[in-house]
Amino acid sequence: MSYTNEKVTDLKIAYIGGGSKGWAWGLMSDLAMEDTLSGKVKLYDVNYQAAYQNELIGNRLHDRTDVAGKWEYEAVRTLEDALTGADFVIISILPGSFDEMESDVHLPEKYGVYQSVGDTVGPGGLVRALRTIPIFMDLAQQIREHAPNAWVINYTNPMSLCTRALYATFPEIKAIGCCHEVFGTQKLLASMVEELLGVEDVKRQEIKVNVLGINHFTWIDQASYKGIDLFPLYEQFVDKYYESGFEGSEKGHWMNNHFASAERVKFDLFKRFGLIAAAGDRHLAEFMPNTWYLTNPETVREWKFGLTPVAWRKKNKQALVEKSNQLATGAEPFELKPTGEEGIDIIKALLGLGEFITNVNVPNQGQVREIPNGAVVETNAVLSYGSVRPVLAGELPKPVQNLVMRHVMNQETTLQAALQKNKDLAFQAFVQDPLLSTLKPDEAIKLFDEMLVNTARFLDGWNLKVHTS
Amino acid sequence: MSYTNEKVTDLKIAYIGGGSKGWAWGLMSDLAMEDTLSGKVKLYDVNYQAAYQNELIGNRLHDRTDVAGKWEYEAVRTLEDALTGADFVIISILPGSFDEMESDVHLPEKYGVYQSVGDTVGPGGLVRALRTIPIFMDLAQQIREHAPNAWVINYTNPMSLCTRALYATFPEIKAIGCCHEVFGTQKLLASMVEELLGVEDVKRQEIKVNVLGINHFTWIDQASYKGIDLFPLYEQFVDKYYESGFEGSEKGHWMNNHFASAERVKFDLFKRFGLIAAAGDRHLAEFMPNTWYLTNPETVREWKFGLTPVAWRKKNKQALVEKSNQLATGAEPFELKPTGEEGIDIIKALLGLGEFITNVNVPNQGQVREIPNGAVVETNAVLSYGSVRPVLAGELPKPVQNLVMRHVMNQETTLQAALQKNKDLAFQAFVQDPLLSTLKPDEAIKLFDEMLVNTARFLDGWNLKVHTS
Amino acid sequence: MSYTNEKVTDLKIAYIGGGSKGWAWGLMSDLAMEDTLSGKVKLYDVNYQAAYQNELIGNRLHDRTDVAGKWEYEAVRTLEDALTGADFVIISILPGSFDEMESDVHLPEKYGVYQSVGDTVGPGGLVRALRTIPIFMDLAQQIREHAPNAWVINYTNPMSLCTRALYATFPEIKAIGCCHEVFGTQKLLASMVEELLGVEDVKRQEIKVNVLGINHFTWIDQASYKGIDLFPLYEQFVDKYYESGFEGSEKGHWMNNHFASAERVKFDLFKRFGLIAAAGDRHLAEFMPNTWYLTNPETVREWKFGLTPVAWRKKNKQALVEKSNQLATGAEPFELKPTGEEGIDIIKALLGLGEFITNVNVPNQGQVREIPNGAVVETNAVLSYGSVRPVLAGELPKPVQNLVMRHVMNQETTLQAALQKNKDLAFQAFVQDPLLSTLKPDEAIKLFDEMLVNTARFLDGWNLKVHTS
Amino acid sequence: MSYTNEKVTDLKIAYIGGGSKGWAWGLMSDLAMEDTLSGKVKLYDVNYQAAYQNELIGNRLHDRTDVAGKWEYEAVRTLEDALTGADFVIISILPGSFDEMESDVHLPEKYGVYQSVGDTVGPGGLVRALRTIPIFMDLAQQIREHAPNAWVINYTNPMSLCTRALYATFPEIKAIGCCHEVFGTQKLLASMVEELLGVEDVKRQEIKVNVLGINHFTWIDQASYKGIDLFPLYEQFVDKYYESGFEGSEKGHWMNNHFASAERVKFDLFKRFGLIAAAGDRHLAEFMPNTWYLTNPETVREWKFGLTPVAWRKKNKQALVEKSNQLATGAEPFELKPTGEEGIDIIKALLGLGEFITNVNVPNQGQVREIPNGAVVETNAVLSYGSVRPVLAGELPKPVQNLVMRHVMNQETTLQAALQKNKDLAFQAFVQDPLLSTLKPDEAIKLFDEMLVNTARFLDGWNLKVHTS
């Protein structure tokens, strides 16, 4: 890497994962449109073929005249190769396959437990964490060995536990977890400003928020647009749309879109707890007891958000594979468009090309009061040359803190269980998950046993003997 | 108060409450049998007549030849009178009457929510707290004014929140909350040692335990008898009695006794979490989700513990009133027998007459790691001349910490709600109580509204308007 | 106050102090050049006449065509009048007169103790604090009563203790302490970049620094200019100028200017401790033992910084009084020029007119690890609509932390001494000041007694009886 | 080890060091008089011959009829041999020889710096620490490998840093540092009670104290004898003996005894800071600036305490060697008498043979508020079966905290310097030692350079190049 005249050349990025296509292509697009950076991206995926196709796709961009940032892409066969010499490491993997995810998300339905995403908390999130943590421990060890000074940007879920596992393994790692869910809430507030104040074209970056909590269960306790406090406005807005829901800020209608919602969960949480929950409703609902929003599909419909079936993900993946083939051969041209993600801005800031403030996931060192140190929390941070410094975000009101802490402590238990390969300990977390709050312990055990069997190939060294207590 | 030659004379004790008879008579009995202390007890109760009868009963002891400690008893009409000049203040009140308690305990049954005691957590404990906190705030203010240097010993439930309210109001107060539930667990362990090791006459004080948690949900993570680690022994013991329960350590059989249990809840918690829960099963069960032990009366019977009906308390009170009349007139002689409570030992220790170690409830200052400072926790402490110094009890394992923290934070919320007379805030705690984990939020609101109406005469200044969200 | 279209009108500012002229006129100048703000400034000074002259001077600006921000100035006779309705309160007072300051600074010279400023730490700073703290306690009380929601910006020294006293008296106060010493160090680094890298016109704002410590003894542990780490560069720079000193970044030469220095103290601290001290040498020297830089006037000359005699301040004040007369009558025109201070930027940021990051003095809540919570520390903070959020600045290396903590704890002691009017306690801080490290305790007592006598009119209620131990 | 009927047989103790004789013989004597313990002591010393002579001496006791505790002693040639199978490890070594100690203590006198002991803080204590820490790191590693579950009792100075080094290397170690200095202060208070109250034969254990601080600079903020607060009494006592000193509580007169004092330093600290310093005056004086008590030999004489010359230690050692020969051959009989040390009581308590409370040195986990976690502090602790639990000792008043923290932070710096073999870092601690407060930095450097040369054979891997800045 070499800095001259506000440009960085020869930058080395290791991109881990990317079989999922979307994130990799987005990065390519964003890099292509940025003229202050150039260098090489090494692509590593457990499926080499997937990485290789991305190499082909990425290298096609190099000579296009509409491309400002010139990058070389190379698929590599080992993590070591990818990491050696890297200035940045970007992680965006699918832990396991959609088959394991299908079990995570849908098997609990047998017990009346529904999940809208299933990748963060709830039975699905917890089991996903158990198979993901060892992968991230291995990543951290290899980063320690091959790229100890690199900055690591993680996009994989469960975000908090992935990032936690990196730090637990290599405490000096310079890693941050990045997630766009808060952006979505900023966009919602921007739409609100446009609608209620008649301002045009409000950018999400103009919505200043104080963010605190854990990923996908983050809360905003202060929000402003220029000289205007948005809390009184949000109260009006919630009153107006509480029943009907609000559908302006996301693309598709919630009914036709597995990823959309009408924000009713968010509005309900505001009425009950007084803060703005800053994630999509599909995520928020999973952090609450199943008697609240995810009781059953009818209740979900009333709250107007989508359950994302894994079958859809499988089908969508097929489409992406086909598109990948088209892009790799050049049959379909690669379209450049900004993703709205901040990966490139983050890289630039850390290189000294533009300080900025955004929300990140890093271990708590006091940025959120009354959450244990070391647990991964999400708050704003100042990103500047060589540093990510969280801002002091204060403390959640006790009732919300209670909602959040339950998951924080469950995540700490899950981490320990994964480190120790200890099924009993893992179950002590599982049984405390709020989505299982109507199950008897013995039902929870049965469900847990079945789920673990389905993810067993990732639980090397565990004793999965079925409970018979 | 005057100290000479290892005796203290002229000691002044303010006894607040005592209409409940049992505690007051126990104190009289213990004081009568202790020859190093003498002085005067001022008796204050909202029902002066009850206090006056205790005056008559207490003063009858003075000239008995079998009485070692000579005390004068005087019923007084104001708290100020009771407190002025007091060296010690003992609080043992019933907040409200058994009518309010009947609502606390039994009204939730309409919604399928059962409570075995209803005075600590759960819907009953929370509503009881709301009416008790203002009483304790008033007590603390009067103590600040009239007896700022007195030691205050509280026996009233909800223990944690009563003690918390004292400190919240008068941070320099020298107050401790005392509870005998841990003693019961020590007795269980003593019985175990007798049975499994064939030792005779093991005293509960010989069972050394490290205690940490909150009142009625305290945990033991280290236990020994002389040179013997009791954890492996307890594991055997639990295996032996898990199904049948163990009935040796308490007087009555659980089926015939509203206060007894067969320890099955305690054994189950050990199997699931690896620590010894140190309270009676009736209390422990209330801290867990209602899907565990208090699902319904049948489940309770399987777990072999008693639900204590308030009707029984009312009837029992009648019997005590009659007995009180007999004692006051001398028709029935007052029988001296040790209560097994430690009140007198505590008083002596604080006066310099015998340092000892026991479990107390005081605000956390680090004695339990990872529980917020200020929350009232229960651990061992060294009681010595003029000081109560908690010992560092360490940290609960994360899964148990999660169980405990949920209540700690709910208690902090409840305190704030009581201070602010804020029904919404109180409900934010209520709805998170694990005994309500199968209720929908709207059911919980209805229950809450009804319960508050029944305790309304203690909620001066609150807006109890029914929720209509 | 009213916000519309990115302008704020009707803003109310209370300006407390200002007899010192410089700061008040600077604010007038900055306000006049800012077109997004307008409103009214109420001027309060213990010397009404001084405030009144500022009123005349300020109001002369209103109709000038080169003035963008329109303000009304009004001298008022009471703090209450100044504060009532204020959106912002700016405090810039001289506690006592230059007579007291003369005793603070020069009396210790009798004992061989020299001070270059004498307003922060050292014997002079401590005695100044004792007379200043009651003034700030009174200010805080009046702010609580008359302007509880106002933002308070303090410029008075001793900065840390003035700000600490505000928070100790009114914990919910929204106060920040602002100081330009870090700016000076940024300018030094900018000069360095210009000289060593041949870049032209580097702005101090382009020098990004992580700041941590206490006011006037703040440290930089990370500094960059765009994509360049400045630490290796600073090492070269220090080597080059260690002996000769560097005189480029400040106006006058240190030998002819009581405020200038050649940065040799700063360079020496870097060689010894590895961090960049971020204040003027005259301030830094006072925090170190007197065997280091302030041993005697010869040593001071070797280190090439100025001792600022109070006689000069008195003379300078005369000149300012004359200038004030000229400005008030219009005989001399008021010249508009930017002060380089950030007061206006801070006001704008808090009003939502431009988020920015700068260094502020506020109570520690974790922004500096291992410094006690509540002590006033200096770090960067994000200033945004309605909020000042410190960034987590990390931890000082232990040896520097030791240097800093000695003053932090002395300041805490001084605060307590002022609150309790306790001379013994004040002396327990005094005798631990490093500038007195070569004095015997009995010499220190004599000096302390003499100094207190000279400031006695501000020590109402103290027992100043001379020590005779 | 085997526990039966309140006796432990087959106990294995590793005794490390003991060439110094005194401590080893004391242990033998105490073990011989204790009838509840028996087993084997393995003796390890870098000088095998010294250990072997102790083996001979110890084994002579076995068959004596006046010996209650039967022990086998065996000198071994490796640490591994000593540690393997050990239940307890006792460490009592001399780091280096009296030659190094001579440099530590007396070389600084060239620079006008006097030390009364030179083994804890001051230039001598710091340099001793630098050579001791690697030895303790090695000990900790071997304990981790060969006796990870053993309890480790350290008697070596510098106590805080030796214990700190054990925990820094092996965080799970079960180590405590034990020191009798607090006992001496309890004895002084006992003498005071006897004298002022006319009570006879007061035992030091009857003096209840709250202890907080760091080893040899520990403070008592609460002291009682039965029902009597000792603080008012101590005030009288200090007034009575402030000028003359008090010589009753120690054996020899301070003028003829290098270890005695007349307690004047302790009395002066009480008058100045209000707490009872709980160590011998020779130790206390070394923690204060050299302008206070150790200015020069005349000042020391005025304060009436002894400077302990290393020449005396060398001579005394000769005498002990001769005595050792006599004891080993049986020419001189081994006299049994209680040492007054608590080593045996501690061992018994940890085995479950008698819970008790005493002062220990362990890493801070909150037992002293406002001292950093991890630093080794001295407070009371409850010693019970398998556990050492510090009691919450509270917080030192800020001025005393300032005195203490300076050393705490210097010790943390010294530890880091030793771990990193970093001379610059070590000097950053050295130059901040209060005994050097009148030296210029350049004088301090020269002294430091000379001292390190004299201890160089223990500083393997350091770069000791002389400073030439």
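Just so it is clear, A, B, C and D label the chains in written order, and each chain counts residues from 1 on its own.
Simple rule for what comes next: contacts are C-beta pairs under 8 Å (C-beta built on N, C-alpha and C of every residue); 3 or more make two chains touch, one makes a residue touch a chain.
None of these values were measured; they are calculated from a predicted model.
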Neighbouring chains shared between subunit B and subunit D, ordered by label: none
Distance between the centres, which are taken as Cα means, of subunit C and subunit A, whole angstrom: 44
Averaged-CA centre spacing for the pair subunit D and subunit A, given as whole angstrom: 54
Per-residue overlap in subunit C, given as positions that touch at least 2 other chains: none
Set of all touching chain pairs, with the criterion as stated earlier: A-B, A-C, B-D, C-D
Residue ranges of subunit C in contact with subunit A within the complex: 3, 6, 8, 208, 210, 222, 224-229, 351-353, 355, 357, 365-367, 369, 380-382, 384-387, 389-394
Complex contacts: residues of subunit A adjacent to subunit B: 271-273, 289, 291-292, 295, 370, 372, 398-399, 401-403, 405-406, 409-410, 412-413, 416, 425, 428-429, 432, 437-441, 469
